[in-house]
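To keep things simple, chains are lettered A, B, C and D as they appear, and every chain counts its residues starting from 1.
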Amino acid sequence: MISQQFEYSAPATLQEALDLLANEGAKPLAGGMSLIPMMKLRLAAPEQLIDIGRLRELNYIRREGEQMHIGAGTTHWDVESSPIVRAHCPLLSETVSNIGDIQVRNRGTIGGSAAHADPSADYPAAFCALEAQFKLVKKGGERVVGASDFFVDMLTTALESGEIIAEVIVPVEQRGTGVSYQKCVQPASGFAIVGVAVRVSSEFVRIGVTGLGAKAYRATNAEEIYTSTHDAAKAAAVVADGADSNSDIHASASYRKHLARIYTQRALKEAASRMG
Amino acid sequence: MATTTITKTEKLVGKAMRRQEDPRLITGSATYVDDIQMPGMLHACILRSPHGAANIKSVDIAAALAHPGVAAVYVGKDTEKVGPVPCGASLPGLRVPHHYVLAIDRVYFIGHPVAVVVATDKYIARDAVDLIEVEYETLQAVTDPEKAIGPGAPPVHPEWPDNVAFNYHQEGGDVDTAFAQAEVVVKQRITSQRLIPSSMETRGVVADYNTGDKALTIWSSTQIPHLMRTLVAQMLGAPEHKVRVVTPEVGGGFGSKLNVYAEEALMGFVAMKLGQPVKWIESRRENCMCTIHGRGHVDYFEVAAKKDGTILGIKLKLIQDLGAYHQLLTPAIPTLSVLMMPGLYRCQNVRADIVGAFTNAVPTDAYRGAGRPEATHGIERMVDILAAELKMDPAEIRLKNFIHNDEFPYATGTGLSYDSGNYAAPLHKAMDLIDYHNLREEQRQARSQGRLMGIGLSTYGEICAFGPSPATPAGGWESATVKIEPSGMVTVMTGSSPHGQGEETTFAQITADELGVGIDDVIVLHGDTAIVQYGIGTFGSRGTAVGGTAVYFALQELKKKIKKYGAMLLESEEVSFSDGVCVDHKTGKSVTLAEIAGASHRAMKLPPGTQPGMVETYFWEPPNFAFPFGAHAVVTEVNRETGDIEIKRYVAVDDCGNIINPLIVAGQVHGGVVQGLGQALWEQAVYDDNGQLITGEFMDYAIPRASMIPWIETEHTVTPSPVNPLGVKGVGEAGTIGCSPAVVNSVVDALSTLGVRHIDMPMTPEKIWNLMEGARA
Amino acid sequence: MKISGSYTVPIPRDEAYKLLQDPVILAKCMPGTDHLEKIGEDEYEMKMKMAIASFSGLFTGKVKIADAHPPDNFMLLVEGSGKVGFLKGSGLLNLTPQEGATEVKYEGDVQVGGTIAAVGQRLLESTSKMIIKKFFEKFAEAATQPTT
Amino acid sequence: MQTTIHVTINGKKRSDTVEPRLLLIHYLRETVGLTGPHIGCETSICGACTVNVDGKAIKSCAMFAVQANGCDVLTIEGLARDGKLDPMQQAFWNEHGLQCGFCTPGMIMTAKQILERNPHPTEAEIRDGLGGNLCRCTGYQHIVNAVKAVAAGKGA
């Protein structure tokens, strides 16, 4: 219940934050929904916390042309309740409403969730399906990394030391695209046993899967089959192929794979029904 | 003294009244144990074993002791003389391991306390725990009770290599003849998994020692303040009269606080050593690891019957997972299962054999239902299995075997005397409510469409109102004192120690009716051994049936005294007392309760042979248990793709005798049912083979959330208990007991077309999916 | 918890076998190990600072090599303990030559205890796999670098 | 290292010097003396510690007090005004939405947020909204009734 001691800074600007984060042992704190429980269990013990949760610079939702730009510090609730997101990126609205609970969504941020890269988190499925771009910043540098390169392994991302996510960039959904996020909920924690995010239009299909393996991934093999057959069952049948499936008391590896197939099929069908 | 108009007060018993205790709870002004702050208070944090079984080679506390702010660090050898942690149950030949408050040289389960740090601040105490170095030599652990008593298992306690704590046999009737005459015998292994009670408030203790008075006060989140006082005094070698136990607001117990734990004595020890108050609050992780678990049964049932469904005999081999130690009632719990094993059925031929198995796990003990849910689950599953075997309707087979209404009091083959019953009534009511016969038709249609729809029934009985003293380990009576203050206001002191059951309200309802006062003119005090006469506590659905009855009898005594004073004041030979007024019907003159109370305290004049004041105490010994019963009916549908179970309808018809407050009874049933659903569908305490508790937090131990459960339709039949004058039977555990078999019966019914005949709990989607896959293969 | 898997390292088997028992190489490849000291025949003690994203912890541990059958296989016994829990692993490493490279197959049992086991259940298997993967990645790197 | 924070709690401004690792729940309960919010777990699941920070229901065990610097905090103690209960408190009382009462302060804070955002929720929406608050006593049914009652204007 009680974390180890640490130093705390609440920089006023992003620049100031990045300067502080350049110190070894410094770790960013945004909403803290993943980090603080881990600190309380002493599974994490950062020496210095840089509170980027109150930086207005990181808190925005903007549409620019065919892209949505969401500041990394935007809370789940701000995304969930945003009419712009609902209108232009309904997959994010739907996915985010599945995260945790009201209180967690009030504090947790889009950047924090991405950076934590929990293998059972909801957001990463949508990020994969949306081919989201992450704008990463550090003292003296900025780069953009795509979702497929950003999620590296369990709890591991492409973020380097001192680097934080500044912005998540997702495409504006075109008319005629249907989306769906289907989740099998772990009854205790509320995390996803598996979660499947789908976007489908007459032109393309994108499938993002979370919960199955060490990291969320885009199921390109299933996408290809769907593109050629438009058969949800056939596409879903291969969604877990080759995945190194997680296993725990809530779902064995083989059942998880089965669920991934079922939920993919459901998501594909629902997304297709929403293509309108 | 004037002639007053007598107004008939509205009777409160039976009325759905909102609770008297709620205003403090909804405004955040209640005081739970963690809310207690005292000057100079120290904070304790406990170092616990990370191993299921290990020898302690060394404990180095030097760095912790040197940490700024640390007042003391104690290890096992410092507290060797404290305790042992008491076991109140006795069975012939019971092996009782010495349960030290801190481990001495060996740890027996994950979370076993090894050392305690006491510091000025809880943050410092926590930091210092990390500075203690313990060298362990890990040993092989065993957590499965069947493996534990099987060949080659590592011994939990080296002195008892077979891991058997006790064998217990009970038999009634002529079982062998029953089985020899049987036309059909059904057998099934049925488990009732370990559960973590998970009261929302964890345990907590504050201890304060007055060095001048040599008096110890312990605030503890417990269901049994008085028993704790007696036992903690023994553990500490302190004179009982100088130990006071205060139970502040208690955030739920469900049996898990019907116990005396190491920490209560340990904090007393620390306070006495240091002469400063000390607080220990259990973390959730500690609660999962170190507060008792419930259930933990492996049951082998056999039922012998005639082809027409008449049950002839029941055999049970019960393996109880005890854990590493006996807590207060650990070995007694499975004996309650045996008492309850014939359920509501007219079957005298019963045989049960219990093996109590030591395992490297936290002890099991009373958890909502305590032995009766396991028994009911077993017999109600077996009756369904028998019905399936005989191709009978599950309702029909139950109706055929119920004890008849004219047979009460009914002596069971297990030695109980069922007080009163009308077992068919709730079943019929539940079937009507759920529209059973049309449902079966709907099910036929669903099946023809390939849908897996199930209908499940359970008809349960339970032992409540614990209980006659000879049948309980610590006395089964309850006490009450009722005082009328000089102003006429009424104070009730009950030995029951409620923690959410609403007895401040129900006891006030009883009191208000008897004395003819308003409910706000009554206060109910409990949970402080310095205020309340000795009492037993709240558990085993005994609060109202035993504690409430004690209040009732104290009130009857008090009314005699009221009438004596009334007669004196009215200078009358004969007065009546009702609705708060004594009346001489000859003269029409009357005197109010307040006037009588005032006169009794002023004591200008006393009725002959009567003491001043207006107080009566009653210790009520119940002549028997009370036996509530009921029927639950559940409709489920299983998702063929995933194995998910949807509960489409849940109907609970309970008969808990007379009802004092329907709102509170409904709340008890809802809560009980949801704990039953938790066991049926999600909850399980899982240890791995090395004794690690995998479900060590709410991240993995799934207690039900609001969105996971269906609307619960409740109804009642009313069969008053003859055991007490209130006619109440008890309802705290009913929902839990009735629930799990009904849900499992429903899901088994859904899957019966696939050849499924039994499913163990929790019925996780994966388990169901595997069954469906198995059937497909 | 049973774990198994295989990695291919780009060096011949004899060399791979030798390097896999070289304390300097092991120290380099065990994630977060900053100190490895020989405490007995084929037995080493180490201090590790494990960090996986936000998770971090200090561990002290032991590595022991047993049942060595060069160049085919050996048992690797790893033990680590820290304030958040402990880990014990034993695994059989089987080396098979593959055209100038070596396939290392491992099969073993991992025991995890303490806070990690109680709250990190869903992450345990992936964590173990990840640590092993990191080990072999670093090993491949170290093996192909000229020794200093 | 200590940090000074300035917080408005239940309408009253105050400043305190705190250790950065001090959790908001401990700050409220022990420094400020508001023991209404409770601690039921350490993994941010149970919601007993729920308070409102700047208009949002949050779990105060998953937030450091320093993060609340400059914020407006409302706890269960701040709901009743001039002795008049908040409609949600009143509804929990009327509907018997509590038994042991331990989860209740957090439950009420979340229930209020549900209705602030969705004044006329369906039963499923209410149950879903309460997902971050565990209750072991009531089986939730009377809690759902309480929220429904307030939505129907019956709390007052």
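Just so it is clear, a contact is a pair of C-beta atoms (placed from the backbone, for glycine too) under 8 Å apart; a residue touches a chain by one contact, two chains touch by 3 or more.
No experiment lies behind these values; they were computed from the predicted model shown.
Relative to the C-alpha centre of chain A, the farthest chain centre belongs to B. Of the two chain pairs examined here, B-C and B-D, the one linked by more C-beta pairs in contact is B-D. Averaged Cα coordinates give chain B a centre that lies 49 Å from the centre of chain C.
Work out the mean CA point of chain B and of chain D, and you get 29 Å between them.
Distance between chain A and chain C, defined via averaged C-alpha coordinates, is recorded as 31 Å.
Taking each chain's centre as the mean of its C-alpha atoms, chain A lies 43 Å from chain B.
Among all residues of chain C, those that touch two or more other chains are 83, 115, 119, 121-122.
Shared interface positions of chain D, i.e. residues touching 2 or more other chains, are given as 19, 21, 39, 42-43, 45, 131, 133.
Among all residues of chain B, those that touch two or more other chains are 123, 130, 283, 285, 694-695, 697-700, 703, 705. Residue ranges on chain A touching chain B, taken from their complex, read 1-2, 4-5, 41-42, 184, 186-189, 248-252, 255, 258-259, 262. Residues 1, 83, 85-86, 88, 111-115, 117-119, 121-122 of chain C are the ones that touch chain B when the two sit in their complex.
Put simply, chain B touches chain D in their complex at residues 18-19, 21-32, 34-35, 37, 123, 198-202, 249-252, 254, 281, 283-285, 499-502, 663-664, 666-667, 669-675, 697-699, 703, 705-707, 709, 711-712, 735. Within the complex, the chain B residues that touch chain A are 122-123, 126-127, 130, 283, 285, 641-642, 682, 684, 686, 694-695, 698-703, 705, 708, 764-766, 769-770. On chain A, the positions that touch chain D within their shared complex are 1-8, 10, 29, 32-33, 36-37, 39-41, 49, 51, 53-54, 77, 81, 100-104, 106-107, 188-190.
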